[in-house]
Amino acid sequence: MVKKTSVGIIGAGKIGKLHINNLVTMNEVNIRAISDVYIDQMSDWVNTLDVKYTTKNYMEIVNDPDIDAILVCTPTKLHSEIVIAAAEKKKHIFCEKPISFNLEDSLKVLDAVKKAGVIMQVGFVRRFDRNFRQVHEIVKSGKIGTPHIIHIFSRDPEPAPRKYVRHSGGMPFDMTIHDFDMIRYLTQFEVEEVYAQGSVLIDPFFEECNDVDTAVFTLRFTNGAIGVVDNSRRAEYGYDQRVEVFGSKGSVSIKNDTNHTVEVITKDGTLSDKPKWFYLERYNDAFKEELRSFLNCVTTGTEPTVSAYDGLQAELLAHAATISLQEKRPVKIQEVLKQTDLRLRDH
Amino acid sequence: MVKKTSVGIIGAGKIGKLHINNLVTMNEVNIRAISDVYIDQMSDWVNTLDVKYTTKNYMEIVNDPDIDAILVCTPTKLHSEIVIAAAEKKKHIFCEKPISFNLEDSLKVLDAVKKAGVIMQVGFVRRFDRNFRQVHEIVKSGKIGTPHIIHIFSRDPEPAPRKYVRHSGGMPFDMTIHDFDMIRYLTQFEVEEVYAQGSVLIDPFFEECNDVDTAVFTLRFTNGAIGVVDNSRRAEYGYDQRVEVFGSKGSVSIKNDTNHTVEVITKDGTLSDKPKWFYLERYNDAFKEELRSFLNCVTTGTEPTVSAYDGLQAELLAHAATISLQEKRPVKIQEVLKQTDLRLRDH
Amino acid sequence: MVKKTSVGIIGAGKIGKLHINNLVTMNEVNIRAISDVYIDQMSDWVNTLDVKYTTKNYMEIVNDPDIDAILVCTPTKLHSEIVIAAAEKKKHIFCEKPISFNLEDSLKVLDAVKKAGVIMQVGFVRRFDRNFRQVHEIVKSGKIGTPHIIHIFSRDPEPAPRKYVRHSGGMPFDMTIHDFDMIRYLTQFEVEEVYAQGSVLIDPFFEECNDVDTAVFTLRFTNGAIGVVDNSRRAEYGYDQRVEVFGSKGSVSIKNDTNHTVEVITKDGTLSDKPKWFYLERYNDAFKEELRSFLNCVTTGTEPTVSAYDGLQAELLAHAATISLQEKRPVKIQEVLKQTDLRLRDH
Amino acid sequence: MVKKTSVGIIGAGKIGKLHINNLVTMNEVNIRAISDVYIDQMSDWVNTLDVKYTTKNYMEIVNDPDIDAILVCTPTKLHSEIVIAAAEKKKHIFCEKPISFNLEDSLKVLDAVKKAGVIMQVGFVRRFDRNFRQVHEIVKSGKIGTPHIIHIFSRDPEPAPRKYVRHSGGMPFDMTIHDFDMIRYLTQFEVEEVYAQGSVLIDPFFEECNDVDTAVFTLRFTNGAIGVVDNSRRAEYGYDQRVEVFGSKGSVSIKNDTNHTVEVITKDGTLSDKPKWFYLERYNDAFKEELRSFLNCVTTGTEPTVSAYDGLQAELLAHAATISLQEKRPVKIQEVLKQTDLRLRDH
């Protein structure tokens, strides 16, 4: 019988719980420990799990010699110190996005992971969605030729809670960063320049936070191809997650997933389903696939589908987009990189 | 300059007017004469046309040496005598469906046309619809292999006027005959047996007429393939005209035409257009194409896409279907043919 | 903590294994025992399960006082004796379809279950598919008015293994019975007459078995509505499972599920996915939902979504269809019922 | 009988011929004269028309007292002098887009038309496409709430001939101007700023012309809503013409028109038609509708659907886009307007 991977989870908020509930259904893994500052308030749920121990001190997990891999699901500001500590203890790491709000910190993470020789995967779950993956395969196959223009539509059904929004880092870091990663995943191109056009059209609260709720990001790739990301914090009909890649020989696109395929035709027209409600419904399978893929990399020692380097690249774009929103001008990636550039080339 | 075909139209009711209005837009034709018993009441419309003469006596058109081709658009009961007279005068003939309500009469028409060596086309307009034609081409190409099961959905948006229904010959002759022809056109198979299952679910008036308003016809082809025709006299959402051919290697089907491709997504779902309303909207282009094809056969002396023989075959199926509805049992085509069979083999 | 339902499974072939693997993921159930004549050859798989005991003698399970419910997944010919024995021991029963090949035997099962007052659910899994369920809800809501015509398309991607086909009871019992149940579920109508038109077009082996591989079944409901079932044992493109209900106010239909929503447009046309391959892919979730629903009925003492009575009604239609195939004529349900009719009225 | 509108056409190149061939089929119009510098080479075609006279000197048409309305279909550089001369002679004017390459000239045209009190319509044909019109109606109805983001996809199947490209004014004037007009038509919003991101990815010839072949234009409306135009000079699969308007309550979008609705399902997937080939196929009906609408305005003295003012607004955006492409920065409309602004306010 194959040895099970022993896992510790740091941070049992919304996303941490989601991962834990998925790990429970997987035979190849053993959940050894969970750490959270509010772990005492979760005893009902923890009792249904078969966990060795829980703790408020994440270092207990980092220092546990019987743990192979750690999932880092805390608020972003804690990511880098936890990941660096875990890497030093030779733990493999799955870290939610973004690695940090700060390029220097993220680079330190990359350095630590490289030095330790451990596997690190960043939580860009959409790469594991069967639709996006299929688009990736088709682009790679050459069926549509060289990509010329790529569009990503990514609209939430409703804004995140205000408490979250205040510390989310702004739209480029809490929403668009997923799309920036997707655009790199699908085209395999690197971005040269970002121009952001944003507005507050849904809720004035975002103005208070110096944030936007509606935005379009135009990207220029180094080869002249062009990318567009369309983001809204509220699509009343559900979670709108689509992409189109237009190339020299054709185009590939996806439609939204729906709950059923029923079509009703009456004198009022033809009525079919709307998109699934939100990421729990749409990316339900992708979240499982993401962990399975990570566990497989840990077991086989292979490169993860989303590396720490990918995480940092998406952060670069989020930084550029943030500057563009503030200064209302196109921003070159080179400008954001500045001194960190030289060190990034090592990765 | 190419000589224009000189045409006379006999019968200027709904369908006659439709054809005349289409002929007006075609450069290759000259409308010489129109005959109708009610022609005096149509002077406003006739005056907008550039017609040599009108008449109440169709024999004037039949005997006119300057007419090349005649469109027969009268009530069905007059078709055979007109067509036979026209054939004797060497006129090419376009005749609305069915040729007659009576196999013997239809056979006399075929005999007369053959003897005269003129072209005769029967008005199965759907063969000229771009969608059905494409299905025909795909089946013929072998892309879906050998047809195993074919479904035709053919539902009117509303029943024809009661005055018409009383003398329409019943559903098999006023609706299904189009589908019987289509099924032969698409499969290139011949039918061996018909079973009809019919009901009155929409309007009790059809019961008074000894007719049905809802029916399913199951056909067995000589090679064992199976056909299904679904007919309803009222689909509240419009003219439902679809087909699916399922074969050994795949299936081919069509969707209904709509007025526009707009899709509205709200919290109530995804709303798109319903089918076009009726045959004038759906087969608008096909009616023009039908005449263009006929005129081209007249000019070039080629075989029409819908021959008199095709007309008679569809009538055979309509007769079998009528018997099946009355006697509630499967009916063999052979049983309907009886003595006419030998003569039909000449065609 | 809620008491778990203790379950025994009789028959661990293809479908038994499928159910067991689904039960494993459910917290509300405890798999106590598995019986199968070949259980000795399954030790690898059994060892991964947490099962109290296995046995070759199903009576051990029937007599086990610590078992609440039994899943009967043996070949059909053993169903009735097992179900009757289990009912006498007050076990709740989930039985695969059909209950038996014989109306008398099935009636005995219904009698035994009624007398014992236990819950019995029959394995018509498609009622638990989200698409079909949605159609059921829409028809029930009255949105499309009264159903006039219902079509079911149900085509397998490839024939079942020959070994299975020889004892499957023929197409009406191994395929169409699912569609017969679906048609009753969706319309809530009862059938009066069945006409079957069948052929061997795919594999002559079916002729040897006195069976067909391609068939269309036309049903007449007691209220005059009409049903059509289209069955093929091989659709090269996958598992084709669709339905359309056409009613007085509109129509409702479903499309096939696909693996992804990707659309590729090139000069060759627009290419999208084909249907999922087979029932494991298409009804994966429905199989789980089916068991969850059964377990819920056991726990709460409510009526199952598919009762033994529903099972028997579908069998009646399968018997009528078999006679129709053999005698090539429409067959009344009344004719099949004969003496069993009176006893059936008790259920 | 209603008096026919007497029309003269100036310029009988590709688009002029298209309009003439459409006018021929309309009863409400009389084509009196055609002028073109190459008219002598068109005698074969002219002879099939029923035209009073042809001329190389367009002033003959301008001065003809028996002409009510003039269609201006010459190269763009001649538009303004012809339109101004025609307005002075009180002719109603249909002018192809753009009015001119120069804001001052276009303003002179608006002044002349206003002073003369004649009707002037600009040739933005897409406003007459049934799909776009339906989107316009739905946005206006409030069904999708207030527009937040609008996307226009507008890709040609192949580049225009090189001869044309050299004097087309560049992509913003020969392609995007249609989309700029559409975006104003659909949202009823005015634009504040344009940012253009363009590349040469298809044919280096465009670089020689100081032009681009692939571009994305991001627009900011005065109310904070955002617009995106996606343009390519070559979509190998055909004429890609789509739009999505996303609003506070939902979204509305259109799909491309296709030649047929056929769907073929085989083991290779589901294949359906690609978009129609080019504007002649896609906007065939819209071109007719455009002229019908113009003639109706002439007869009834009502405002045209596309006014000279609309023409000038689209030109403003094309100028801004051109500057943005050259200077690689967002450009405010206010900056382009400068001194012409005051005079524009009169219109």
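Letters are used for the chains, namely A, B, C and D, taken in the order the chains are written, and counting of residues starts over at 1 for each.
The criterion applied here is as follows: contacts are C-beta pairs under 8 Å (C-beta built on N, C-alpha and C of every residue); 3 or more make two chains touch, one makes a residue touch a chain.
Keep in mind it's a predicted model, so treat the numbers as computed, not measured.
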item: Set of chains whose contacts include both subunit D and subunit B; value: A, C
item: Most distant chain from subunit B, judged by the mean position of its C-alpha atoms; value: A
item: Pair with more cross-chain C-beta pairs in contact, given B-C and A-B; value: B-C
item: Averaged-CA centre spacing for the pair subunit C and subunit B, given as whole angstrom; value: 43
item: Centroid spacing, where centroids are CA-atom means, of subunit A and subunit B in whole angstrom; value: 60
item: Per-residue multi-chain contacts in subunit C, two or more chains; value: 236-237, 249-251, 265-267
item: Residues of subunit C that touch subunit D when the two form their complex; value: 236-238, 265-275
item: Subunit A-facing residues of subunit D, complex; value: 145-146, 148-149, 151, 155, 195, 197, 199-202, 214-216, 218, 220, 224-226, 228, 230, 232, 234-237, 240, 246, 248-251, 328-330
item: Subunit D-touching residues of subunit B, taken from the complex the two chains share; value: 25, 130-131, 134-135, 138, 143-144, 249-257, 259-267
